[in-house]
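Structure below; questions to follow.
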Amino acid sequence: MEEIIFSINTLWVLIASALVFFMQAGFALVEAGLTRSKNTANILMKNLMDYVIGSIVFWAIGFGIMFGTKNGFWGGLDLFTQHTYRTDMPDMAFLIFQTVFAATAATIVSGAMAERTKFKAYLVYSAVISLVIYPISGHWAWGGGWLSQMTIPFHDFAGSTVVHSVGGWCALVGAIILGPRIGKYGKDGKAKAIPGHSLSLATLGVFILWIGWFGFNPGSQLAASGTTNATAISLIFMTTNIAGAGGALSALLYMWIKYKKPPLSMTLNGALAGLVAVTAGCDAVSPGGALIIGLMAGILVVLSVEFFDKVVKIDDPVGAISVHGICGSFGTLMVGFFSTSQGALYGHGFGLLGSQVIGVLSVAAWAIAASLILFTILKYTTGLRVTQREEEEGLDIYEHGESAYN
Amino acid sequence: MEEIIFSINTLWVLIASALVFFMQAGFALVEAGLTRSKNTANILMKNLMDYVIGSIVFWAIGFGIMFGTKNGFWGGLDLFTQHTYRTDMPDMAFLIFQTVFAATAATIVSGAMAERTKFKAYLVYSAVISLVIYPISGHWAWGGGWLSQMTIPFHDFAGSTVVHSVGGWCALVGAIILGPRIGKYGKDGKAKAIPGHSLSLATLGVFILWIGWFGFNPGSQLAASGTTNATAISLIFMTTNIAGAGGALSALLYMWIKYKKPPLSMTLNGALAGLVAVTAGCDAVSPGGALIIGLMAGILVVLSVEFFDKVVKIDDPVGAISVHGICGSFGTLMVGFFSTSQGALYGHGFGLLGSQVIGVLSVAAWAIAASLILFTILKYTTGLRVTQREEEEGLDIYEHGESAYN
Amino acid sequence: MEEIIFSINTLWVLIASALVFFMQAGFALVEAGLTRSKNTANILMKNLMDYVIGSIVFWAIGFGIMFGTKNGFWGGLDLFTQHTYRTDMPDMAFLIFQTVFAATAATIVSGAMAERTKFKAYLVYSAVISLVIYPISGHWAWGGGWLSQMTIPFHDFAGSTVVHSVGGWCALVGAIILGPRIGKYGKDGKAKAIPGHSLSLATLGVFILWIGWFGFNPGSQLAASGTTNATAISLIFMTTNIAGAGGALSALLYMWIKYKKPPLSMTLNGALAGLVAVTAGCDAVSPGGALIIGLMAGILVVLSVEFFDKVVKIDDPVGAISVHGICGSFGTLMVGFFSTSQGALYGHGFGLLGSQVIGVLSVAAWAIAASLILFTILKYTTGLRVTQREEEEGLDIYEHGESAYN
Amino acid sequence: MKKVEAIIRKTKFDEVKEALHDVGIEFITFWDVRGVGKTTEKRLYRGVQYDTSTIERMMITFVCREKYLDQAIKALLESAKTGEIGDGKIFVSEISNGYRIRTGEQGDKSVYLKGEE
Amino acid sequence: MKKVEAIIRKTKFDEVKEALHDVGIEFITFWDVRGVGKTTEKRLYRGVQYDTSTIERMMITFVCREKYLDQAIKALLESAKTGEIGDGKIFVSEISNGYRIRTGEQGDKSVYLKGEE
Amino acid sequence: MKKVEAIIRKTKFDEVKEALHDVGIEFITFWDVRGVGKTTEKRLYRGVQYDTSTIERMMITFVCREKYLDQAIKALLESAKTGEIGDGKIFVSEISNGYRIRTGEQGDKSVYLKGEE
């Protein structure tokens, strides 16, 4: 019987890993679709390589930092992941699942820094985030670190904060340090639209991300055997789906009311916003709660995209900061309200909310600080930004010597 | 042991749900690929939003109508699906599986009504089909309704009739009421070709639909534990695959012989036709039977597309009526012949065939009547069709204010 | 308990089958992306039809040849696969898994012969490879044939040699007999670049292939129940992933150093090279071993592509010969060094390496001989190559009467 | 020889093509273009409005002998017209010489086939 | 009437468009082109280097009356310029006649709307 | 200055480009076009036959000084020719003025670089 439980858990975690892996394709397509065709090979390459590099360095070092037991701040070194971590599934299954998660955090950033970042700098950044930035905050919340040791432990089931907001905050720092793309802001400082080259690719990307989320969230249960686990992953499937639907719906309606026309590009962001937001609490909220979280996230992402674009004038071509940073944090906080077992709205007081605030802020602080140092170093060593000519003619030719379409 | 069975069933149903969900991407790509680039954002948006809306309204109301036990005609109300329906898996797992099915029925229609339907009207339609049209006929066959209570119960294992033909008939009514696209028929009334903008997208869509069918059909077993279930889903995998292959092959050969050249676009329809046709009997026919059903469906779909296009002059840009309506009904009838346990060809008489006829006709009658009312109301309220100018310049700009490609 | 084990195995094999099926889409996209838009419908059609035809003929005849027990050379006839082969899962599950494998071997060839092969000839070829070429060599290694009966049996866990190199060698013979595309070699004999039309499609294709490999390799365990199996498939997930990463990384770095710019198209080949190479030993090597195999394959594929392109002047538009033939063989040999239980590097001598050499060479000899006969017959019957005019204007119009993009 | 360039609605292409063939224009060359003018249709991209209303049009061009010009223009004007704003323009200019690449023939002979008149 | 054809950087398109509108050019037609010249940027495809450095440019064209020509050229030269190699070219040629398809008006009237002057 | 417009086979592009460079044409601009003529290749879309045989061609254009014209045409005719129907056409017309955007130079100077002669 033990063996069967072991098998079922393994099966589920591996299948979930495959689905989460597929999110890499989703990110690649969303980011390629929402940027211009002259930079398509570059953005695809970045999405491929952050997975490639992440797979190697997370296994080599990151995993140990995240799941080792050294102390509350970091897990210590376990070179090439030799220790034993789990008894209910093979360590390799756990490792591969964690690897695809790490790559997700890494890949978020490429969208916000698209169309102007040096490839070399991106590779270094991508190694560092999987090597240390993500594992550290991951350790805090999931690896037995201090966030999980608080009286009321921080609740981030599948990583709204640990994965998505880390990516989002790094993206924020990166986009600020880089500055906007040439032509993004007119002489009067007004934001201009730089439409992406293919909404077909972007939409397919969102569908792929959505199916990937059916691995991301329910997979984070890390088990499927037994009634409890089976019921849990079923609920998570449901809350995940409903929140995505809510996000798309409210983004659509909000844009429709505000601009008279409902655009696809923003609705896609709305769907992702809902999915990101529910990730923290997908196991703890009811389907109704998930719907509300999704609906709020769909509007929030629109406001946030406009805020960054028009008010603070940070150029984020695909809206990664808003989708992952803002909605990730927002969703994590909402667990404090909507958790059926601990949330304020269900009469359990604001204890959990407090923990959530601490978690969101501390992870944000860490991600921002770490990436600030990283990008500053990169700026003065490899250089972060391509030359004006390269940016104008396209990164594909200058960075990779080929063009995506012929 | 009970727990393990429960787990295995849940796992299978959830994985199948994810695969069926992915069919939404498949439909989106097929429909986008087979229509013009000026309407791409619109068609993608419709495919996204029918899933989004379907997810919410089916959970809120549709599921209760379909699976409630009120009477043989409808299941009654179960707002936001609170009751208990299954003991062999969590209700949420069952619900999510049914949700993705409902969305499939809804999404079929967008293809037939592509390139000229008002977005607002489409959203309303899409809500109504998931809310009531599909659940009612679903109740008849799958929810304990009258079709399942006949002496020889109607056999539609995974929904050739319940899902696909319902979509197909609604598509038929919609396409008739809308009328053909501008330029589809010349002054002499001759049909003109309006080639789709990307067969790459369409082909990828068919591959995605095909893999989705490996969730759609075997998933409908709703269980995987035990030798019987495992054997059943394996057979279903096989019959599903062989019928798809048969459909593609015969469509290709038929076109080749008739027009001297085998076109990809029609072969894709052939594959889908085979898959749709076998859906009703995938559990009951032998692989050989599945092959024959697929081969027949592949030819039928070509004849049907030409019939609607050239003879009755109903403009269905992607062939949805033929693939889902005609081949869905055809496949359901074929179960009466090819069912190894009940079919006429295996010497079990025409009893099952009779039930199949009743099922196909009653579902068709319901779907046509309900959608006729629905589309007529829409026509005189929101309006169904965009203006001539909008249609000529493309729905993307006028309905969504953006274009898919830049 | 028996029943549960049966269920779990079935579940896993079916899910793996779905993933491997999806590789067909991956191949279609990679090949379409790396060729010109005037031949896109043709290449997509070929990828669809080899699966369609393969599904039918492998079931009808190929499977029996491969898994029958007649003798060490071939398995004999089992028309439409009626016998019983497995007790730990339904025969249908085993059959469908083997079918998608067979189709993979078949589909590899279309890439190398792209942009100039007659469609009719391709269909015949595609039937023959699934009918007999692949099953024979499959029988040798996996069906109880002579390669598996050697003292130290040939070790090709998931088919670096049996599947990939067979496809690769057939591709080699096909590309040689066909000759290069018009314009591939200048008057001075220098190779010219003929860039593919969409790296977006190609990249998506590689991501899809990668996820497909998570079915291909771990699925070849053909079981998931019990600690041993669960641990094995987890390891295989890991080694597969790391080798793919290694291949991409080393191809990128090598190109970067050599040409100053890292191109996406070659990095994609690198990833595939790593995945192909580890396929033989994914169960037997350590993650570290997999990384090294992948790294070597990534460089090997670049050298090999350049060798075929520039030195021996065989025109292989997508690099299929190098990726599948060369790296498949290479990876199989590497098992002789890196197998932790039998490999030379772990002190187990060169016994296994000897068997690997025999396996690689004998399969290569068979595939080359059989396909040489096949393609020669085709050349003098249906004809292998389209006319100059057809090639220049594109196969889409002349062979299929339609164009992929409008 | 005269060169005719016309910017027309894409939806009118088939009619135009047939009308031109009927009056003896054997070959036309065309490609997709976009036009941008004063009357703008607002577009929206991720919350940013931009008001270039680029509209999609088709550019068709052909070179013909003088004697065909009038009837070609007439055919074009009739077949490309819807009467609504946005029907497009026709421009005529002078070609000093033409060559048929296949044969090297030049001048008028480059645009018609001997013996086909 | 004069036809102006300009090959410009894509990134300059918005500025050019506005500059032209400001000097009274109401409608321009444009499409993507590529240029290939002597200075080549090496490209690499699957290990084969090829040295056509096709650079992406935008072709914009409009027909205007003589009196608008000078200011249009001036606007173009100013708005399309970066000062770096690759800014592009402007070519002016003669149009013998023009037609507005919607109304059939020809000559100068085909490019401006009566009453709008 | 003369403008040369040639409609050629896509497969001939590389040869044409090199031939033109060899005779001193420094920069050419090109884009994809389609041609439709009388000889039609039947196409089929979902069971409906349509008989526009649009064939894909490439439009290349360059402006050069008078003295380069003859050799450019000669180079074009040679390099673009296969001898089979469909080789395409070359048309020559007059350019009244040209400008180099980067420097504002006009006339002949816009198409060649001082000192490079």
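Going by the order they are written in, the chains are A, B, C, D, E and F; count residues from 1 in each one.
The rule is simple: contacts are C-beta pairs under 8 Å (C-beta built on N, C-alpha and C of every residue); 3 or more make two chains touch, one makes a residue touch a chain.
Source: prediction; values computed, not measured.
Minimum number of contact steps separating chain E from chain F: 1. Shared contact partners of chain A and chain C, listed by label: B, E.
Different-residue interface: chain A and chain B share under half of the residue numbers found at their contact.
Computed centre separation for the pair chain B/chain C is 34 angstrom, with centres defined by C-alpha atoms.
For this pair, chain D with chain E, the centres built from the Cα atoms lie 18 Å apart. One inter-chain figure worth recording: chain B and chain F are separated by 50 Å, centre to centre, where each centre is the mean of the chain's CA atoms.
In chain A, the positions touching at least two other chains are 4, 8, 11, 15, 192, 195-196, 198, 204, 259, 261, 263, 265, 401-403. Residues of chain E found to touch two or more other chains are 14, 31, 43-45, 84, 93-94. Taken in their complex, chain C has these residues touching chain B: 3-4, 6-8, 10-11, 14-15, 17-18, 21-22, 24-25, 28-29, 32, 40-41, 44-45, 48-49, 51-53, 55-56, 59, 80, 89-93, 95-96, 99, 119, 198, 201, 204, 399-406.
Here chain D touches chain E in the complex through residues 2, 6-8, 31-38, 52, 57, 59, 73, 76-77, 80-94, going by the rule given at the top. Interface residues of chain F facing chain E in the complex, by the touch rule stated above, are 1, 3, 14, 17, 21, 26-31, 63, 93-102, 104, 110-111. Of all residues in chain B, only 1, 4-5, 8, 11-12, 15, 19, 36, 195-200, 203-204, 206-208, 210-211, 214-215, 218, 224-227, 229-231, 233-235, 237-238, 241-242, 244-246, 248-249, 252, 259-265, 267-268, 271, 287-288, 291 touch chain C in the complex they form.
Those residues of chain B that touch chain D in the shared complex are 38, 182-183, 192, 389, 392-394, 397-398, 401-403.
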